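Scroll down for the structure; my scribbles are underneath it.
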Amino acid sequence: MWPLILLVLAFASSALLAQYQRKPPDFGGTYTFPTPTHPEPRASVERALDMVMLGAGLGLGAYLILKRRTRAGVVLLSIAAIAYFGFYRKGCTCPIGAIQNVTLALVDPRYLISFGVLVFFFLPLVAALLVGRVFCGAVCPHGAVQDLVLLRPKKVPERVDRVLRWLPYVYLAVVVLFAGWGLPIVAEGGKALVGRRFLICEWDPFIGLFRITGSFHMLAIGAGFIVAGMFYGRPYCRWLCPYGALLSLCSRVAWKNVSITPDKELSCGLCAESCPYDAIHDFQADRASCVACARCYDSCPRHVKLRRGQPVALKLYRRSQAGTGVS
Amino acid sequence: MSETTTRRQFIDRTCRVIGLTALGGAAGLLARRASAHAVFQVDPVKCTACDLCRTSCVLSLSAVKAVNEFSKCGYCRLCPAYMDVTSQPDEKGIPSGKVCPQDALKRRVVGREDPDDPNNNYYEYTVDEARCTGCGKCVKACKPPAGNGSLRLEIRYDRCVGCNECGILVTCPSTAIVRVLTPGLSPTAAPGGEPHA
Amino acid sequence: MDENETGPAPDATGDAPRERVSARWLPIASVVGAVGVVAAAVLRPGGAPPAAPSAGSPGAAPHVPPPAQPAPALPQRYARTTVVVGPGKPGEFRRSLSGLALGPHDAIYALGDDEVRVFEGAGRLARTWKVPEKATCLAVASDLRVGVGSSGRVDLYSDTGVHSGGFAAGTRDKPADVTAIRLVRDEVLVADAAARVIRRYDLRGTERGVIGDKNKTGGFMLPNRSLDFDVDRSGVVHATDTGRHQVTSWTLDGTMVASFGKFGMTKPEDFVGCCNPVNVAVVPDGSIVTAEKMVARVKVYGKDRTLLALIGPENFDPMCWHIYVAVDSTGRIVTADPERRTIAVFERS
């Protein structure tokens, strides 16, 4: 790998110093010329591991959310996601940022996009078409951070929510515009002030947290979202995340989705009260806005679990149907 | 066969199929052009050692370090990157000021050493990366014709986080940060570098 | 079971109360953790990266400190009188200019563009012939033979450019890095920058001796990897010891007889920068002409090695790595600027 980079560097520097090239002199004594060390960038094995972890996270998340229906499992998985995709990988490259890479690759054929970035962009979308926003609930470290700090969910007034719900799409449009074309503003000096920029990367609230360093504005935004996230569930996910906008479009027509009650609805509304994200309408999970956090399962009276994980109510119901009549 | 294939379900199914096809098509189209992973590196020809590498990297201690290409280094006793040649000379006539504000450029005597006269020796210059901030003062001082141009700024991959958009690339006034594509997982790996955007 | 049951089923093992308890400590722990990480990010040594980027100076000009004082009044003054070779003139060099020598009748021999070009009069191109690629230096003997040095090799030509011989310079496992050459009587003197000495050969290539290794470093100190020298009438070799900022003088058998010069950035008679002077030429009356880089200038030192004249940097390209100098029989200084690819003549005024 380094031979390639060295090729670029050597070609560049030799062009500069072509006339100054000389063989090194002999100093006498026992000196041998050291070669400068060049640490390698991430090996392709590690990049493959990222994709495997993403796929495993999505698969495991789908299993835990839709099959096992356990909130504890989802919490553990999201902590693991924060550890790996957040602190270990420092949040880069993420599917949210991949929007920009894909936009740029579609707009400019000279921009060569990396394979891993493509996987990170398309795999959660495909998963959303199949099993809903499992990515949001189980894998995305940004969502996991907000989900974990949620202390006391308050409901946002309906009118405000109705307006804020459009922000992700607006942000998506702005981000696509900047990533693909930039703004042709010409400032003083005749230089284009804003060329192509990756806005998501520059204004990401949580990346300062994962890198444990950052400029003042990034850390301030991050702290702000954490504070907001303590009281209003997942503010970034609901009202800003552009990838969430894409995921919600896909999960609207998902094949399998969160069904709160294992057997039948009681219309008690306990699930809607427990959902911090206002994603339950008509006692069903709203496929567009449900982020698969798995909180609703445990509030459903039909869903209280035994240690072996099977809902008691379901078991009893089935037994009653089979005619044993045990109560 | 379920008798409750409602219109809603039909629309859902159609949209799913269209969505999967669209995603698959776009993915396939881009995957044909997908090459290897990109890393960022400094082009030493364009680099003017302007100090922005120190401040624009997202890390508090920049991932850009000065690197000495030993095969080009002159091993001068009066290295213009090590000592500030315009500073006040001491009693031996050697300038006393140092160029590096962090004192990150270290030197040791190599070769046949003259024990009586330090001016007779060659010195090997190495960069202490724990101290180097990537400000580029030594790189600037080593540029021809003052020096051999063996010092250059380089992004060190054991420190670089690998951001999607390199913070330094955005601010570099001489477009000296280039994307270099590394061979990797894709079969269409294309070598060579090109600037982003 | 009654289907209208709304409370938890009686067989529940208390999972519900446990879930409620854990629902409290987890967000609190997460908030504390998040606050801790943000605090660590802010208070980390070095802190956040410096907020505003300093106004970088992206100029491409090299970092060249100006000489501290204006040159004091010197005994002699030189002014440029003619540009013999340059852009637009006959025989102009398009790609490179890497060597300069003067013939016995003050013809200018220049090496560049893989050719030797001989200019007579005021720039008339008289002869030209091809030489090996990457030729680095040339010399003219008193009988008009021409010697051309390239990496590891010396080639000899007649006065009309007919190749009349050549030999390998240096040792087999260490070819010479030839940076200067002189033809003295029946010998060829070759500056070997790799071994940091001057080698003496006869015309067939048999080595007769080495000059410059009888010092504490076993050779010249050459941080800029280039050695230049000139031979005066009495056979004394004056060589640039660039790492020591000196011009050292040697007899042909390798004994050092004199040296002068020291490092300094302020006084005009000192040599600036890390490795100077880069070129040297002798004047028939015993004076020495030196050329420096970084502050591109040419100086004339008298027989007693006091500074007689200074031809300032306004006459040369600031990026010059060398300024080839030679002195003709009337004392005019001929300089070759490899960056601008011009050959100019300076006369005393």
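To keep things simple, chains are lettered A, B and C as they appear, and every chain counts its residues starting from 1.
Following the convention adopted for this analysis, a contact is a pair of C-beta atoms (placed from the backbone, for glycine too) under 8 Å apart; a residue touches a chain by one contact, two chains touch by 3 or more.
Remember, predicted model here, so these are calculated numbers, not experimental data.
Among the chain pairings, A-B comes first (most C-beta pairs in contact). The most central chain, judged by the distance from its Cα centroid to the centroid of all protein Cα atoms shown, is B. Chain centres here are Cα averages; for chain A and chain B they lie 28 Å apart. Computed from the mean C-alpha positions, the centre of chain A lies at a distance of 54 Å from the centre of chain C. The residues of chain B that reach two or more other chains are 58-60, 75, 111-112, 122, 144, 148, listed in rising order. In chain A, the positions touching at least two other chains are 20, 24, 28, 211, 213-215. Shared interface positions of chain C, defined as residues touching 2 or more other chains, are 44, 48-49, 217-218, 222, 225, 321. Chain contact summary for the complex, chain C toward chain B: residues 44-50, 52-54, 56-60, 62-65, 68, 216-218, 221-225, 243-245, 262-265, 272-275, 293-294, 296, 318-321.
Those residues of chain B that touch chain A in the shared complex are 11-13, 15-16, 19-20, 23-24, 26-27, 30-31, 33-39, 41, 43-46, 58-60, 67-72, 75, 110-113, 122, 124, 144, 148-149, 152, 154, 156-158, 160-165, 170, 178, 180-186, 190-194, 196-197.
Chain A makes touch with chain C in their complex at residues 19-20, 22-26, 28, 71-72, 75, 145, 148-151, 208-209, 211-216, 219, 222-223, 226, 230, 264, 266, 268, 298, 301, 304-307, 312-313, 316-317, 320, 327. Put simply, chain A touches chain B in their complex at residues 1, 4-5, 7-9, 12-13, 15-17, 20-21, 24, 27-29, 31, 33-36, 38-42, 44, 47-48, 90, 92-93, 97-98, 100-102, 104-106, 108-118, 122, 125-126, 129, 182, 195-198, 201-202, 211, 213-215, 250, 252-255. Every residue of chain C that touches chain A in the complex is listed here, in rising order: 1, 3-9, 11-13, 15-16, 19, 22, 26-28, 30-31, 34-35, 37-38, 40-42, 44, 48-49, 51, 96, 98, 174, 177, 193-196, 217-219, 222, 225-226, 321, 338.
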